[in-house]
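Note that chain A is present in both complexes that follow, paired respectively with chain B and with chain C.
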Partner chain A sequence: MKSKFQVNNGVLLVLVAALAVFPFVSDSRTWTILLTQIFIFSILAMSYDILLGYTGIVSFGHAMFFGMGAYTTAIMLNKFEASLGVFFFSIAIGMIIAGIISFLVGLLTLRLKSHFFAMLTLAVSGLFLVLAEKWRTLTHGNDGFTFRAPELFKDRVMFYLLVLICLVLVYFFLRRFVSSPLGRVLIAVRENEQRTKSLGYKTLHYKVIASVVAGIVASLAGSLYAVSLRFVNTSVLTMDITLDALLMTIIGGVGTLIGPIIGAGVIELAQHYLSGLAKEHPIFERWIIFFGIIYILAVIFFPRGIVGTIRYAFWKRKNKDVSVVLNTSKVKEVAK
Partner chain B sequence: MIWRAADERGMLILEPLLKTENLTIKFGGQTAVDHVNFAMPAKHFKSIIGPNGAGKTTFFNLISGELKPTEGDVIFRGESMAKYSSVERTRKGLGRSFQITNVFPNLTVIENVRLAVQSKENIRYQMFRHFIAYKDLHIQAEKLLEIVLLSNKANSIANQLSHGEKRKLEIAMLLALDTEVLLLDEPTAGMSLEEVPAILDVIKQIKQTGEKTILLIEHKMDMIMDLSDSIMVLFNGKLLADGTPSDIMENETVQQAYLGGLYDEQLT
Partner chain C sequence: MELIINLLINGLATGMLIFLLAAGLTLIFGLMDVLNFAHGGLFAWGAFSGVWFYGLTNSFTIAIIGAIVTGIVLGFITEKLIITPVYGNHIQQILITLGFMIVLSEMLKVVFGPNQIAAKTPPLLSGSWELGEVIIIKYRLFIIIVGFVIFGIFQFILKRTKIGLIVRAGVMNKEMVQALGINIKQVFLYVFMVGAALAALGGVLMAPYSGVIYAEMGMEFAILAFIVVVIGGMGSFPGSLLAAILVGLAGSFMAYYVPALSLAVNMMLMAIVLIFRPQGLFTVKG
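Up next, the complex of A and B:
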């Protein structure tokens, strides 16, 4: 039953190995940092895809879990010592907090129909943003604060490797998650929630589980993000983060795990190069305009995203079994 | 459970498997189902007929829990179903098919059935094993596709099936749940004449196994007469008559209200 386009583990291994040796071969600091950033956002985008691509949940509040991870790690590293132990402990704490919050929020909101749910997630994440702005003793509000990262991460390469390991682990964990019996039910919920219910599945449970897993993984991404900057402010809780995740997922391909990784690469690189072009022409200072255009074009002409389109073309040519054909309706719904 | 024990000792079963008591639902001023009392024993095949708008599907929705009654109750195995949601009723043994085809459109046919089998096998929250490792689910799903004569389409995407094939898939999914009661809502609705016999064969096969209690809504009279142990007639939400096929045929009120016109049409 495996589709032919199952990303081959061998190919993946080679890619990961290549990425692992990259910083030792090239001494470009820019690239090491850029790739680290791409890996972090890949983790975030994959977590978002669990909601959007697999379960069909449109959330506009995903940034809150990212922000929780970022703040937990930043605050703990700042208040306690900047050691590896505290760092890992803070990741765990961030994940637990994100897990509990996503569980509670999910339980309260996921009963709602998709549009109302999306609005409510927006409101809840707005609440956390305000909380972070006002609780100045802890968060220093809008200005944010810098903190010391563990000694080991002074070496950018070490941090790069750690993030790469996290990415690989998260990828394999989520891949197993979505292809488990539970994951199949998530896909069923996406396809036809009412039918899933009539088969005897309590769909609310599944949606809450999906949102908890997505929240926990997003928190990990947030923790790593904070350490990569050694700085945190309220921007980690803003809608921009959610929109980035959304864009990466859609450009890369919803309902695939490789898609969000590729999407993160495309977006981060585009961001890097477009803002670099500002010297050439002042319009590139407003590079976000181009994102808007890319987004609109992608949804109109490319609703399956990069990976989805390739997979679909492959499927059409072979007309072989793919157990899951990508559903583009959610993307169009978001676009509306 | 008491009821079950009685069954095993071969005693006369007094308590019906499924019954309704004064089942009523009102939408605004309209009474869609009006104090319907009906009962059926296990392994019985009962059909529901009635003109359009008689409340047949609403009656089904009340039994399966999609709708909550304004008054009255559904009793299954001697237990009131009032407190159970449709999901819980399915798990308890009230499975239903839908009049409007309702499958997972973008999944393959076998995946559709496998999801139903997975539910029956109670594999719900397992998240660390690959689903392919559950070979049994796949084998069971394949067997069900054989029963409904869809094996050749196992790997097609469900929304590429013809209407008749989707109905078969629907029945396969219902059978997969292995519920004691099957509520079939017009399984031949919207089918071309060529497609009907295949569905009929499937339903006959299910009946012949003698394991299922079947409640069927259907318009095609010849089909019902052949299959049913008993027939009940709904008219304007009220139970007009309930009896064996021949009783119903001879019942004058029924003939006036419903059968008259329709049955004559079919004879000519």
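Up next, the complex of A and C:
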């Protein structure tokens, strides 16, 4: 097992290095911006996967944490000076706000069953959307506002590198988190909450911790997103953001961390190319319809997503001689 | 006084539209244990197909029938393709019905175009009566009457007929109903189709009421319907009527007196109910 992880890390290191030198090799502005966008949504999708893939809870309100980060950074850069210090400070403040809100919301809602939790998160994030639309003196409502980014990020490449660093840090932090004893309990909650409870774990506490971690990471993604656009409006709080995270996680592979990153890449790239195809045939303007269909098929036929399916195939080939029929949860466990 | 009566009628009319949506949702949840996040899509399809039929034939009756048929057909497709494969798995149900919601609302834009469509009120129902100071818009009264008639019919079917008996028994204990030799899967399909037809009816009635229809209205109304179902108690038919009227009235009065809170008040209502009484105000005795 140990050697396998080292290979994995080696591959990752090469990939990250390649991505890091990419903007210096190619001077395509479009690609730098597109990759920045992919990295930001990878962070968001990974945070969503902590909830969906590792703890087994469906939240329809994830956009609110993303929006909190985006608004905190945008407002602070707008009201104070557009310096690096304020930028990093605003990220920290955004994370703290998201952490507190996700703690309170989680404490109130996570004791409910999955249906009710999904609906209540939908409603709470709806409340935040309304708040942002009505609190015009601070947010300028639906029109949004532009702001100056720190001087250093005028250079797209610098911002690209910062986002890449954030992505790598978040990846390693979350990987450590899910393989910690605490993360193992979360997986146990996903597999069988009742049994975990009867083993003596207070599952509510663990679920709240998962939602706080997911909220904080989503807020970081939001902060970076706002700076990448230098503009923020209420669209950062809408259901579309949650749907994006959901699609990326499901298509990439739930219950893995690489999966959401790949999902984010696939979806952002496909979105870029399919909306470019709109000139050929008007149906491509509605590119999201293809994702809807793929997503439905994925939920029915490939609930493991791209990464999960590949890992499972590898695992099956390696263990051909295992004659014992394992149930799916055990397979998933081993596939990790 | 006349202001209060007008707000009352507005609230009741909106409440009835939400009730049509929530009635199907609550029956489907009560019986099949499925929370259909695609229900708003069926509502929007009802509105668009109704307006299309109305433009084609200029007859509101045909528009309503057309919308109901659309609802039944879509309900059949949804149940067979989307609900059956993930039966019994809550998380997959939530995910897949939400995915189908996206497909439904995007399909609307493909078929009818991405822009808002204006919807006319049929001449027989347009205009208003003036009783002294009070102005009663005919169409709103029409919606309220339709809502109560539908409630009456369904209450009769549920309480007085054999199929209603099976549905009510299924809400309480579906395994036992199946053990008694009734094909509960078949009943699921019928209930789902009826629920979809009610949503489509709500959609076509909504169209002249709001004047314009757009694809996103499905999700907007679905959220209200979820709130109603939660407040009224999952699976309770009278509960969903009362909760729908409550939500409609709260919306119309708040929009007049405290407009800033009008959107938030329903969400807060639901949050309070969920936290303190998660089973809803009315529960189905089992």
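As a working rule, the second predicted complex is superposed on the first by the 312 of 336 C-alpha atoms of A that agree within 3 Å, B and C clash if a C-alpha of one lies under 4 Å from a C-alpha of the other, contacts with A are read in each partner's own complex, and residues count from 1 in each chain.
By definition in this document, a contact is a pair of C-beta atoms (placed from the backbone, for glycine too) under 8 Å apart; a residue touches a chain by one contact, two chains touch by 3 or more.
A quick note: this is a predicted structure, and the numbers were derived from the prediction, not measured.
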First, second, both or neither for A:Leu122, with chain B first and chain C second: second
First (chain B), second (chain C), both or neither touched by A:Leu229: neither
Touching partner for A:Arg286 - first (chain B), second (chain C), both, neither: second
Contacts of A:Leu138 with chain B and chain C, given as first, second, both or neither: neither
Contacts of A:Leu243 with chain B and chain C, given as first, second, both or neither: second
Touched partner set for A:Leu112, first chain B, second chain C, both or neither: second
Partner chain in contact with A:Arg176 - chain B first, chain C second, else both or neither: first
Chain B/chain C common contact set on chain A: none
In the complex, chain B residues that touch chain A: 64, 86-87, 90-91, 96, 98, 102-108, 111, 114-116, 118-120, 123-132, 134, 137-138, 155, 157, 173, 177
Chain B-touching residues of chain A, taken from the complex the two chains share: 1-2, 176-177, 179-185, 187-188, 191-192, 194-202, 205, 209, 320-327
Complex interface listing, chain C residues touching chain A: 29, 35, 37, 82, 85-86, 90-92, 94-96, 98-100, 102-103, 106-107, 109-110, 114, 219, 223, 226-227, 230, 260, 263-264, 267-268, 270-271, 274-275, 278
Chain A residues within the chain C interface of the complex: 56, 58, 60, 108-109, 112-116, 118-120, 122-124, 126-127, 130-131, 134, 239, 243, 246, 250, 283, 285-286, 288-289, 291-293, 295-296, 299-300, 303
